[in-house]
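Heads up, the next two complexes both have subunit A, just with different partners, subunit B and then subunit C.
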Partner chain A sequence: MAIGVKVMKRPERQVSYVRATLKGMVLTFKHMFEKKVTMQYPEEKSTDRDHGMGEWSISPRWRGTHRMLTDEQGRSKCVACGLCPQVCPANCIKLVPGEDEQGNRYPLIYEIDEFRCVFCGYCQEVCPEEAIHVGVHFENSEYSRDRFVYDLERLQSQTHAVSTLWDPTDPRGE
Partner chain B sequence: MTQDLVTVTIDGISIAVAKGTPIIEAAKQAGILVPHYCYHPSLPSPAVCRMCLVEVEKAPKLMPACVTAVAEGQVVHVNSDTAKKAREGVLEFLLINHPLDCPICDQAGECELQDYVFQEGRAGTRYREYAKRYSPVEDFGPDILYVPNRCILCTRCVRFMEDVADTPVLNVSERGDRAFIGISQDQRLDHPWAGNVVDLCPVGSLLSKDFLHKARAWDLDKSASVCPGCTQGCNVSLDTRDDVVVRIRPRPNLEVNRHFICDHGRMNYRWLNRGDRIEAPLVRNGGRHAATDWDTALARLEQLTRGASGKAVILASGRASTESLGLVRRMLDRFDVTAAVYVPLGEEAPLANVPNLALRRERAPNLHGAELLGYTPEWDLAVREAPGAALVVVLDVDLSEADEAALAGARGALVVLGTVFGEGLRNAELVLPVTNMAEENGTYVNRDRRIQRYHQAKSQPGMARPAWWVAGEVLAGSGPSPSAPSTAAEAFALLGERWPVFAGLTYTDLGFTGRILGEAPVGALAPSSGQGAR
Partner chain C sequence: MTPEMKGFLLLSSIKMLIVFTIIMVGVALLTLMERKVSAWMQNRRGPNRVGWAGLLQPAADGLKNILKEETFPALANRNLFLVAPALSFIPALMLSAVIPFAAPLPVDFDFTLGPLGRFVHHGAMPMVVADLPVGFLFVLAVSSMGVYGIALAGWSSNSKYALLGGLRASAQMISYEVAMGLSLIPVLLMSGNASFSSIVAAQQAGLWYVLPLFLSFFIFLISGFAETNRLPFDLPEAESELIAGYHTEYSAMKFSFFFIAEYANVVTVCAMVTTLFFGGWDIPFTDWDRSGSLLATLATWLMFFLKVLFWIFFVMWIRWTLPRFRYDQLMTLGWKVLMPLALAYIMVVCVAIYVIERMLGIVEPRPAALALFGVNLVVGLLVFGVLDSGIFIKGSGRRARVPERRVESARVVG
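And now, the complex of A and B:
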């Protein structure tokens, strides 16, 4: 025969199903006592290392929704240098610079449209002040679309971990 | 080779230049940039920055290219290892005290220190023992801030105020690493041309308060233009960000303004960004104006200009282009026309040591172009004639209340070609939206009869069109006509048919620095109708 055809060997006479059923049930009950592999999302979360499943945690290099870091006085670290809107390939950052009472440059308006963002992480990479970061975060549902334009206040108030774009011990990825 | 030329070889390129040319200029002609800070073509050279040191064969040491004149058979190396090492050393010294605050510095992106350090500077510093010198920001004048930390003491600002503006208020105070640019006691940097020190500063040490934090250098789109401030016609660049003019900077034209513009011209850009513009043609229907399309509006304008004859008055802005003034004038050729151009007057402010450069009294960039086209600056006479005229055309001019009152009682039809529409012109038959000078291509004729082109810098609001387009369509007749000009260059060519002074000229002939129009006396070419009446 040119093609291999498997010829099944079928029982030639009537046999009992009891034996096969028991065999199946043994397998079923065995799984009930084995370690569970399903994560009970959203009760358990992969970002939650203590209660979630450790090996399922998302990578520290995950690039999710942004955070703006603040200094000790709670002001944003951003100096409105304009590099992130410049480098952004999706053109999703709106920045209007201004000057505060001490003459420091700071952003009057800083908005990121998370719908436009492609999460490349260039903004974090280019930032000379280590102010804007992409975050280790993926739960972004909202009830209205306009909530996805994150303003400065929202970017500052978020608390999720920030991404380490590269492994500090191996910055070149070698 | 004539007696006055010497041949030098710069980085392997042999070039003949005039005797006495500094090496830095000879290199520029050969297409080689010698990095420099203190040298500026419009200022005397003190050779203080030591950045332009170049290797000259048979010279014992490196020579400063800005003050060393070329000599016959000289061989210069700009990019030899010795010269590069010297420049690297100079940059390292400059960076000892220069803060690395490029992210918040307005000059970043157009900073010569940033450029040269990036090109050939050291990657890191070797001076770690002491903290960088710190001095607070000083307020020098109405529009100028001085940031001493960033200063590299090239003294361009000092030399500009002393040798060009002849008002020596700036100096180098203290010595050594404590040196800074000082301002004389009780003095302010409020000279009418003081803003130029901001452009001259190679780093971000002298800043314009007006432009502070407004835009990064790389956000700006630059368009070659001509200053609409006065009859001097300084060459400028309109810098726009997101379709908004954010600053005006000088553009070198050695025959008009060298490298400078006055502060009046520098600050005179806000009107270009007005938001309350007319965006659609308005036709009066009963007591109200209704927005319409161009076809309807042009048909109405044609009706007004073809049907009637008699007296017509044009009240035009001195900021209108030569093309617009000319074609609007031609559009009314069948009338007996009195055409006037509005010229606001101000103080004259010369720049002391540059010949033939001043902020002029007549604050209308195209006054002399208008005069060539038969317009008169005698505004009040024209306004007085307006109420009795069969047709009055207002071309983009802000009328005073008295003028508006005179027009309110006009017997004939009132047509407004304007950018903004005041309540005072409520009885206008037709209001047509036109572009301002930043939104169109065109030409201005300055006080020396130099005709210069300016280019579009931002987009036009709504349905606004250049005034020459409106007049050109009416001239060509109704319906799509191939003879109507579709570009400013075509409109300019149409001027030559009527006014011999423009005959045969095209935009290409005007070049980058403009062209002085023929020597015939102003006024002799003016059309006789209307003018002859007075």
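And now, the complex of A and C:
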């Protein structure tokens, strides 16, 4: 294989430094009065598209910290089937199943270590009850590391929008 | 000590205090202005969190720099390393002492202050800390002292980047000092005096020297950029090549001192451009500003401030427009373009002044200046035509081109 050395063909007529300087100065001066593109972060935030931030909206394919959906009685939809800890490539989900008197399974302990999580979204994909979701959310700072292990209560109390996972057979989401 | 001397001392101390305060506060605000201007030119907003519209940002920066750790490189020459920031800081501040910033103010007082004795002052007080008869020669002398600080900082840091930065700074500042000095000789020829006050007076009688001495102004401005190590001549700092050049190893307040020195130098160069070529504190088209009243002094002060501010903005404008020169381009521009140009221009101005004053007999300052302006128009167009044609500074397109060839890569054996 040969390596081609590419010699740039620069325009011969436009090499004058004087005119180029003046042109450049006009350009930068014009830019001083153009619309500023900075987002004023804490006041303006990107949210999911439904909340209408236009160009700042987060993609619905964004996979952020998790959220556990609940049913009408406020109990988690999770049936503790154990698919999500099974599929999780980072092994970040801890699930201890329990069963009540009617024989309904529910999670006794459901913890997600958000530091271990790689945000692949497999848990949401594999969930038969559509209980666990990855969220459209990015503000996760905490004062201590152990706050990043989200327990069931915390997962249920999250209110941010959930991700609509990308479907390879329907790439545009139609 | 005579009462007159004491009065002079008192006024000088007050002026010193005022000028020093204004320079230090101004320099702090200039760092904010630089960041704001750069932000606006890049469609950003710039610092706007600390204080109203970011006005307290310099204070926050200063506080941060005071609280930061002072680091010393292990094998640095400790004494010189400590002295270098001061060496670049002091000349930068000294320069502000000789620039007249407003019209002279008549001050008359005669009072006795307990054990200190009698203070007397009569007549106009020049609004300059020291109205030196040697004027801008002092500026040229002191401004080149700043290179000691930079060169020593580069050398004593015992770091390759700092050393290269220091070397570049010394070479660059010495080179451009020549062109700068030569570009000011036409100003001397026109005014017949080196003191700033008389140069301002001469411009009020004639025209602002930017018109009759345009090329001097042009050369002085470019050399000024090089002297203050501002882009497009910031090779001593050259972030992309030398990390931070001569102040790579500096931290905390020592680093701040270099920063303050740089901005103080910018202020001085802008004040010199204003004083030498734009009439100093002169308000154009009026004679009222020389009437010698408090109002006139304040108005001329404002005028001077606005002019300097414009040139500072201009310096920043250039900084955020032009890329850095290559080192050989810098030296070519200094030695092969600006210096011969300045020399030739001295000859042209000498001949022109001789012809205008002696042969044509125009001795009134204003018509003589206008005639010289006509000469300048012709010379200026000629020079810019030649510069524009790219004979002296070649763009990359004009370089001798290596014939296009294809390199066969070595075949991997084994």
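The rule is simple: the second predicted complex is superposed on the first by the 126 of 174 C-alpha atoms of A that agree within 3 Å, B and C clash if a C-alpha of one lies under 4 Å from a C-alpha of the other, contacts with A are read in each partner's own complex, and residues count from 1 in each chain.
Basically, a residue touches a chain if its C-beta (ideal position, glycine included) is under 8 Å from a C-beta of that chain, and two chains touch if they have at least 3 such contacts.
Small disclaimer: the values here were computed from a predicted structure and weren't measured.
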| item | value |
| --- | --- |
| Which of subunit B and subunit C A:Q86 touches, first, second, both or neither | first |
| Partner chain in contact with A:V37 - subunit B first, subunit C second, else both or neither | second |
| Comparing the two partners subunit B and subunit C, which touches a greater set of residues in subunit A | C |
| First, second, both or neither for A:T21, with subunit B first and subunit C second | second |
| Contacts of A:F29 with subunit B and subunit C, given as first, second, both or neither | second |
| In the complex, subunit C residues that touch subunit A | 37, 40-45, 317-318, 320-322, 384, 387-390, 393-398, 401-402, 404-409 |
| For the subunit B and subunit A complex, residues of the former touching the latter | 102-104, 108, 137, 212-214, 216, 218-219 |
| List of subunit A residues in touch with subunit B within their complex | 79-83, 86, 97-99, 103-105, 128-129 |
| Residues of subunit A that touch subunit C when the two form their complex | 1-5, 7-8, 10-12, 14-19, 21, 24-25, 27-29, 31-32, 34-38, 40 |
